[in-house]
Every structure is written in C-alpha cells, then in structure tokens.
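Letters A, B, C, D, E and F mark the chains in the order given here, with residues in each chain numbered from 1 onward.
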Amino acid sequence: MATSSSILLLAALLALVSWQAIASDPVRVNGFVCKNPMEVNADDFFKAANLDKPRVTNKVGSNVTLINVMQIAGLNTLGISIARIDYAPLGQNPPHTHPRATEILTVLEGTLYVGFVTSNQPAPNRNKFFSKVLNKGDVFVFPVGLIHFQFNPNPHQPAVAIAALSSQNPGAITIANAVFGSDPPISDDVLAKAFQVEKNTIDYLQAQFWENNHN
Amino acid sequence: MATSSSILLLAALLALVSWQAIASDPVRVNGFVCKNPMEVNADDFFKAANLDKPRVTNKVGSNVTLINVMQIAGLNTLGISIARIDYAPLGQNPPHTHPRATEILTVLEGTLYVGFVTSNQPAPNRNKFFSKVLNKGDVFVFPVGLIHFQFNPNPHQPAVAIAALSSQNPGAITIANAVFGSDPPISDDVLAKAFQVEKNTIDYLQAQFWENNHN
Amino acid sequence: MATSSSILLLAALLALVSWQAIASDPVRVNGFVCKNPMEVNADDFFKAANLDKPRVTNKVGSNVTLINVMQIAGLNTLGISIARIDYAPLGQNPPHTHPRATEILTVLEGTLYVGFVTSNQPAPNRNKFFSKVLNKGDVFVFPVGLIHFQFNPNPHQPAVAIAALSSQNPGAITIANAVFGSDPPISDDVLAKAFQVEKNTIDYLQAQFWENNHN
Amino acid sequence: MATSSSILLLAALLALVSWQAIASDPVRVNGFVCKNPMEVNADDFFKAANLDKPRVTNKVGSNVTLINVMQIAGLNTLGISIARIDYAPLGQNPPHTHPRATEILTVLEGTLYVGFVTSNQPAPNRNKFFSKVLNKGDVFVFPVGLIHFQFNPNPHQPAVAIAALSSQNPGAITIANAVFGSDPPISDDVLAKAFQVEKNTIDYLQAQFWENNHN
Amino acid sequence: MATSSSILLLAALLALVSWQAIASDPVRVNGFVCKNPMEVNADDFFKAANLDKPRVTNKVGSNVTLINVMQIAGLNTLGISIARIDYAPLGQNPPHTHPRATEILTVLEGTLYVGFVTSNQPAPNRNKFFSKVLNKGDVFVFPVGLIHFQFNPNPHQPAVAIAALSSQNPGAITIANAVFGSDPPISDDVLAKAFQVEKNTIDYLQAQFWENNHN
Amino acid sequence: MATSSSILLLAALLALVSWQAIASDPVRVNGFVCKNPMEVNADDFFKAANLDKPRVTNKVGSNVTLINVMQIAGLNTLGISIARIDYAPLGQNPPHTHPRATEILTVLEGTLYVGFVTSNQPAPNRNKFFSKVLNKGDVFVFPVGLIHFQFNPNPHQPAVAIAALSSQNPGAITIANAVFGSDPPISDDVLAKAFQVEKNTIDYLQAQFWENNHN
C-alpha cells in the first residue's frame, strides 16, 4: 500500500522542482534526498565542512574541497557554491574549466600564479593567456567556461585559497584527464592529429594514471 | 572634435553590454570604466584586495569588504562577488537582505551565531527563524532576499568570515537603517503602526545615527 | 498495487517540471496538484477570486488577496501573479519585501501614500526613500527586493488597489513580523544592538502579536 | 566640445545596461531617456495613468491602455507592466499574442468571454481552445505566446479589465492586423493557400483598414 | 511492493529536474522517459533522424521534421532543437509562430521566399513585413514569437531547409489552424468582427479541414 | 560638434541594449554596428552565407563557417547561431568546447565519428567518453561546455554537417590551441606536471603552429 506526500525544500521555492515520496523511499531532487518542508531546518543550509583544515594533496599537488548542492541540499537552485583549495609546494590545480560557473578566488595562505586562456580569436590572433601572481588577500576572477589553473610557485610553503562558483553544481573538467584519461579513451588517431604529435605519444599519455583533482 | 571607438570587456561577451568612447571621456558599463578589448588584460580580473587583513569594525562591531564589479571591472555580467567580513567581539553584521543574491559563508576565525528568517507563512504560522552556531571551517547558506545576520558571541575574540554572493552587484539592505535611517525618513505614523509602538519610539529611532555596514 | 502515469500541465511546457502519479495520490508541482495534460482545461487558468469584493482588513488596516500559483495551477512557471489590496481608513500594507518579484500597482479607489527605500548607498549617503501620493488611476512600481509600503492617509474612506507581481510565487516578508515576530524569536541581544535600543524594548516588541498581512 | 557622464537608472542595477551622455543629447536605454542616478526620484517609478477613466473604444470595440517601460522609465529591466482594457458593448480585444509575456487579467466591470488556443498538438489532435465566461472579480491567465482574446458579450453594458504582463515590453501581435494588414502586405498567393480561400478573399481582407488595438 | 530509484539524465545536470521511478513504470521528465544516470550513454544524445531524406508534403505543400526533446531525451534543458523542412513546388510552411524560440534557417535545396511580421507599431504605423528571397546557402532569422512563413516560389522544383530553434521544446502555432481550426471552434461572432468579414465567411473557414503542419 | 541619436535594433527589443551614435561614428552593440530601428529591414536578419558551398579545410582537415551575431546583426540577444562544417577525408574538428552554448548537429554528407567527454566524476570513476558514428541525416547533441569533436573516418570522401548553437555568440575553445598555442605561452612547468610529460615535450608542443579552426 503506497502512501505519498508532496514535499518541497524551502530553497526550491525559487525554482520549479517537485517530486513525490513513495512508500519509504526517499524523495530526491537532482539525485539528493529532499525533506518535507515542514521538517526543513537550519541543518539543510549548513555543512560542518572543516574548510579551515589543511588537506592532503594529490599527485599534482592540490586538493579541492567543494561544498556544493551534494553537501548542502538547501543550495539547490540557489546558484552558488564554495571551495577550499590546498596547494602543496610547487603544487597546481591543473588546467580545467567549469562548464556552468564563473569562479572568484582569494588567497588565504602563500602565493599563487594563476591564469586563464580566452576563447579562440579571429586569425591570425591566438588565444590570449592572462596570468597574475597573487599574494595573500588578492582576488582573481576566472570567467565561465574558460580554461584556467592555479600554481603554487613556492618550493617550500603550501598555499591555500577560498574560491566561490556561480552555480550550485558548477561541474569541473580537468583538461588532461578529460582528453587523455577518459573511459573509454578517445581515439588516438583523433588526438594525435589534434595535438600534432605521434600516436605513440598519445598512447603514452593515455597509459598514465589520471586522478581527478575535483568534481 | 570627438573621436569614438567601440570597446568590449572580454567578460561582457557573455551578456549584452554596449558603450561608446567619446573624446577623452572613459567608457563605462554599469557605471564602471571599460577598456578596448585589445587592451583588456589580467588586471581587469584582479584586485589587490587585502582580504587577509583585519578591518576596523563599525559601531555594531562588523566590517564588510565586498569585492564586486566596482572593484573588478571584469566581473561585469559574470554573476558572482566575494567579501571578507570582520566581527569584533560581540559584534554583528546586523539583519539585512541582498535583493539580488544568495550568500554562502565560511568561518575563517572564531565563532558565529547566524540565522535567517523565512518568507511569511500561511496563518497561523509565523516566519520561521533558522539559526546555527558556526565554528571555523563551517559553511552556511542565506537564500536570496531573506533577512539574515551574523553575530560573534565571543566577548573576547574577533571572528572572520569569507562570503560569496551570486551576483556581481548583489546590493544590501540593512533593515534597521533602511527602515529608520532613510533619507528622507519614512512617516512615523506609518512606522508606529507597522511596528506596534508609540510614535515617539519611532522618532527616537529615527534620530539615531545610522551607519551603513556595507553596500 | 500502484499504477502510475506521467502528466504534464500545459503551462509547464515552458519549464522543466516532471512528476509521477502514484496510486490515487495526486501529483504535485511546487506542492500543488497537477493534472493529466489531456484533462487540462480552462479551469486550470481560472479563479473565481471575487477581486471585486471588499475584504475585512487586519489590525494594521489592510488585506492582501493574492492570486498566485496556489490558486491557479496553470500559473506554474509563467512568472506572474495578481492581487487586490484593501486599505481601511488610515490603514497600511506595512513595510515588506518580495524576495522574488517586482510589483506594479494601480489605485482603484481612494488615495494611497506609497514608498520604497533603496539599497544601502556608499557612505556618507543613506538609503534613499522615494515616496508619492497616488490617486485613482495612478500607477507605481516597487523594484524587486526593496522595502516598500502603502498607506491610506484618508481617515474616512477606504482605498483599493490592484497589484501585479513578476513571479507566480513572489513571496512576502513583512519586516516587523519577520524581525520581531519570528518563530522562534531572534536573539534580543542581536536585535537590541542592530536597532540601537534597550533589550527590553526588543522584548516588548517580540511580545506583541504579529499577524501576517499576506504571504 | 563634448562633455560626458555615465548614468544609471536605479532600476537598471538589476541588469546590465550602461550608456553615455554626450553634449546635451539625452541618454537612452531601449530608446527611452535615462537620468543621472543621483537625480532619480519617485517620479521615475510613477505614472499618472488615469487607469480609472473610461476610454473611447476602437472599431472592434476595445481600447488597451498599457503602462510599460515607455511610460515608466524605472520599469526598465524589471519584467512587468500593467494595462487597463475597455470593452464597448459587444466589443472585443481581438485574437492576439504577446511574444514576450504571459498575461493575467481580472474583470473590474461587466462580463467577458475569454479564451486562448494551445500550440499545435500531435495529429490527429487539433489546437485546443480553452474559454471561460468571466464575471467581475474573476481572474484568468493567458500563457506566453499563445493566441488569445477577450469579448464583451453584453449588448448594453461596457466592460473593464485590469491586465498585467510579465515583461516591461511585452509586445503585441494582433493576428488579423499582422496577417492581413502588414506594411507591405504579405503575398496573397501565400495567404490564400494558408487560409484555404480564394485570392480575392485575401485581397478583400488586405484592402480593409487595420487599426492596431494596442502595441 | 514499490521499489524506487532516483535517476538523472546527464543533460539534466544543467537544470533542476528530479523524479522517481516506481515499480515498473518508467520515469519521465516533461513527459519523456528518463534513465538511470549510470545507464546514460551516447544514444541518449543521438537520433537516426533521416534528415537527409525527402518527406511527403502536406496539403499546403510542406513537411516539418522537428528533432526536439521528444526525439532526443538528452536535449532536455539544453535549449536547442533542429528541423528539416521540405517544400513541394509552390509549397509553403504557412504563417506560424514559435512561442518559446527564435529560428535560424538555411536553404539546402531550391529557393525560398521567406518573411516575418513585426509586433504592432505605434499608430499610424502598421505591422512591418520583412521578406527576402533565399537561395541555396543563405541564412535567415525569425525572432521569437513573431509570425513568419516560408514559401517555395518554384513551380517545378522542391526546396529543402535546415532550421534550428532556441528551445528543446519550441512549440508551434499555425495561425490559420489555431484561429479557424481549433477544437472546439472559436465563436464566429468574435472572429467575424476581428477579421472584418461576414460570419458565413468564418463559418466557411471553420468548416475546412485544418491539418497541422508541425508541432 | 557632436550630434546624437538613440537607435535600437528590432531584435534588441528582447533585451536591454542601448547606445548612442556620436558624430559620424557608427553605433555598436557587442561591437557590431546598429541601425536606427526605422531603418531596420530584412537584410538585418539575412546573410548570403553560401553555406551550400564546400570550404577549403585547414591543417587538421576541417573548416567551420559560423553565422553568428557578427554576420547577422539582428541575431543580437536571440540566443542562436548556425554553422556549416566541412571535413576533409580523415579530417577532424578537433576537441573543443563552447563556453556559452549547446550544439546540435546533423550530417549532410559522408560519415562522422563524434564524441564528447563528461565532467569529472566522483573517484574512482573517470570522465566518461560518449561516442557515435553518424551517417547522413543523423542528429547528435553536444551539451554546453563539454569537450567534443567530430572526425571523418572516411579516407576518400569529405563530410559535411550543419550545426546549430544555443547562443548568438557561443565562443569556441580549441583545447590543444588554447593549452599549447596561447599568446603568451602557459608556463611549461605547469603544463609538464598537468600532462605528466617532460618539459621538453611541452616545449615541442608549444613550438608547433597552432591554427585556430574556428572562433
């Protein structure tokens, strides 16, 4: 015997999301469990995220701790998320894009060399690369969809940044991983021509272990 | 003799911005100077904002340093901004709304008691107040347009937060200031009835000095 | 035994709403019952709202009869709603905001003194208060998210207005109610400092009966 | 000698509009004069529109008095407008669409027979016609882009309605006028086949005087 | 006994769509079956649409083969669709509007006489008719919501076009069909006055067989 | 002596664009010349684009002829553009993204092997690669911001496709060009680590000639 109730996250009032609870199965929005609006409370807008704590960095020397709608259900439809990024000495958050968000970043600790590349320009112009060295307290903007990175040039000290993104689910595409580490791999014929290298260079690249920095 | 050239901030490609350069007058978008796109560079996406530095707090014990489109022209149309908020011991960022943005906040230093009030509910329900004590590294969300505040309950230690807002020009309306400190003042007849107090209470309130916490 | 069918309100074609009918439980969008599109008819876009009839006003002397998506399911996703507002002699629709809508209003009967307060301005400027006396047939606009009110200055005659809002679910936040009448109450320490009054003034305010004018 | 100043209507803060004043020429947004934001005042959100006054109706027996961004500059970017519609006995606001707005309407005086036609349906279904007789105080919704009309079935009494539209510049396309009264005319070959009539019927139609009900 | 799983189309990450699978009933978004995101694959973004193949044209000499979200589930929320249009010699895609999309069209074969009519203009101006003869390889734009048509002026050769629309569900309203062929019919009193013809002309028109060109 | 007039492209009625003509300098929106609305005509929505004609392909064997707002001023704000893509035998439109548009594509001639890579997935999952072989008349969708490509696997025959994009100014970022061919180059230290290769491999790559396929 099925029972049903219609529920709506408070935050969802801003958008157009509806759903059904069936039997004892949880109701979900964008894949996340929703609650009866009568039961929504402050915890639905809260995350004990430990953004003050250093993280172990990955093989390229960074770690992105993103607090998006997967961590805070109340963010759904509200168009924003926040992240802490740790950089090991000489570590980098490698070239990537956010398909659905602009990013604004401020440096909490250390120094960062950051940059982004513009869209293709009319020939004979090439994509422009804009870069900057950021010190503590500086702010930089990475426009939506453009390839960008951050690099900690200090060989001895880590760096830390707080970044905010203009979507509750910005997505991230690490370029090297998406191009050379996809499952299944992209045809090496295609990539060899696109990157103007021998196929065995592509094969070598595709044989590496591609660890996603963040998602 | 007027000369003219049409220029476009790189970021403005995302929207619908128009302009004119005239003689030696600078061109502006939303009131801010624009540059010839051939002359756009990394500095247009950068601000040496000193967000790592403590600020002197105002009479209610807080200080909001907002980096929006007025500080970084390249933010125009990109839908995000970032702020550092300083709280003196027992200081507060008093009840306010952002008419055009949701806010996400993380605590860098100290402790914050934060909360927001929901929209009016069907009678006999009253506006719900959601609150939470945040420690370092915690994250909290204030949905667009809702009245919210942060308060530092510690009588001895300051607190610091980083907040991001989902607009390059979110606006802020400090409730007490807007209601009791506007120029010219709102009729005390209207406010006395709305707030269920004597007119002389309103007059007293309107006679205070209302310093805007942030804009 | 559960049966299921997928249904779609005609109006919802404009957006991204989906749901499930289960057993005999009604299907809902934003909490409201939906119908099989084959069964959608003119009644889904209609409300016998009696907007021509005077209403009994509340303790501040007004009554807002809002026809939004809760009254007309077909409004879902269409971004508009309409209201009749009754004002007793000397009655007011007290200072409030709509977090998700601009309002446009025309006076049907009587006279209204109306106004709104702008966002915080750069110091030393204060929030500007824009006001106007409206006569029958006049039109006034209250921009999204700004604090505004209407007051009937006539001690003998009621007033009536028709207002439209740019959302099917605009929300309303009556400032005094949200600040002093929330459930649970906001800390009186916080409010005393924010409003520059003694705590017992806040306690007095919080002890009043806060009747929501409209939602 | 050119002087220049950058100005921004308060309401335009919500969007992305900028411009330049040059010499003594007025600055315009969407073709309408803008003001220095320091000079914006309540009048920029106001129109003495006389919406309480009956209008002389046109040859099909109606008159639409639309208050949009052309009448109230402060409406720019705010996404709403309002109209009074007068109907002579047996008068109609003939079949038309708004390419950029949904409409919500309430009857102030008299009776209206109203309706709209849905988009094309999968064959063999035809476009559905939804209609309703509205009495004073009733509310009806016409979804964006759909063909709709209002007709006053009373041979002796006029009718009056207030309508609101979800755009500050909704546009209107009176079907008969646009199809048969355009300048220059559409090819009668095309129209004869589309409407399944003889070309001379089209020619007859195109020879009529097509007075636009509203714009 | 009901089982449930929450699923999300990859494409839906861009928006806010959620749903529930119940028992063996398929889950739907906007009425179309969704899949577990773990099971999403290239086929969800693919349609063997045979857009290279000529179509049998209808009684006005055209055939629109639209590939929208009904044919490619992965299009949901992505805001685009594509169509092949076949024109018999002297055939036409009769005057129609898309309530939710702008159209851009290029001619693959033959010649097309195309046009659209603007919104109502301030009196005494009439709706402007913009037309053009398109040859193979030419491109033309029909702005959202405006009445437009294409006509093949060649009495011997067919024509073919590819059109794209700025919505995954643009809708189409064939003017003659919606006005004269709706179910049930619009009152002939209303239409006679609107079109300035005798009621029996309307009755004649309404008695025709109105085949929808496309939906 | 400066003269000025305010002008508005018909299409711009849909958005919020304004500007000023000064002296004899043309007025521009997004960098393109605008016209007095009284002078707007069918040519502002038209381009003799020769999309039926084969193009000479570039060094990776493709050529994208995009008709966007730079070719058709009337497209401004309307959110769509169209392209013809030529593929030499074994040619490719190399991996790229559109930061502001989804793409839908249909094959006119030949065969295409197409694919896109999803956003980063939660570890240990890798970015998924979705691919498909398209024959004449098939349709495929590339969601906004995702890396995608098309490849003509036929060693003897060219291929041709028509693609539409959900923006009047979609932008394009060819991955290899943006990463290895930017001006100035990205630090080879950063790229060597990101791509897990020796610096001299990066140096070799950066020394190639990077011809932009399209912009």
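What we mean here is this: a contact is a pair of C-beta atoms (placed from the backbone, for glycine too) under 8 Å apart; a residue touches a chain by one contact, two chains touch by 3 or more.
In UniProt terms, the chains line up like this: A, B, C, D, E, F = Germin-like protein.
Quantities reported herein were computed from a predicted structural model and do not represent experimental measurements.
Colleague: Same or different for chain E (Germin-like protein) and chain F (Germin-like protein), when you check if over half of the residue numbers at their contact belong to both copies?
Modeller: Since more than half of the residue numbers are used by both chains, the interface counts as same.
Colleague: Report the chain whose CA-based centre is farthest from the CA-based centre of chain A (Germin-like protein).
Modeller: D
Colleague: So which of A-F, E-F or A-B is the twin of B-C, meaning more than half of its contact pairs are the same residue numbers?
Modeller: A-F
Colleague: Chain D (Germin-like protein) to chain E (Germin-like protein): how many Å between their CA centres?
Modeller: Centres of chain D (Germin-like protein) and chain E (Germin-like protein) (C-alpha means) sit 24 Å apart.
Colleague: For chain C (Germin-like protein) and chain E (Germin-like protein), let me know how many angstrom lie between their CA-based centres, rounded off.
Modeller: 37
Colleague: Which parts of chain E (Germin-like protein), given as residue numbers and ranges, touch two or more other chains?
Modeller: 2, 13-14, 16-20, 22, 100, 115, 119, 131, 143-144, 171
Colleague: Would you mind writing out the residues of chain A (Germin-like protein) in touch with chain F (Germin-like protein) in their complex?
Modeller: It is residues 60-61, 92, 94-95, 97-100, 113, 115, 117, 119-123, 125-129, 131, 143-147, 149, 151, 171-187, 189-191, 193-197, 201, 204-205, 208, 210-215 of chain A (Germin-like protein) that touch chain F (Germin-like protein).
Colleague: Over in the complex, which chain B (Germin-like protein) residues touch chain A (Germin-like protein)? Could you list them?
Modeller: 10-11, 13-14, 41-43, 45-53, 67, 71-72, 74-75, 78-82, 84, 101-104, 106-108, 115-116, 118-119, 130-132, 134-144, 162, 164-166
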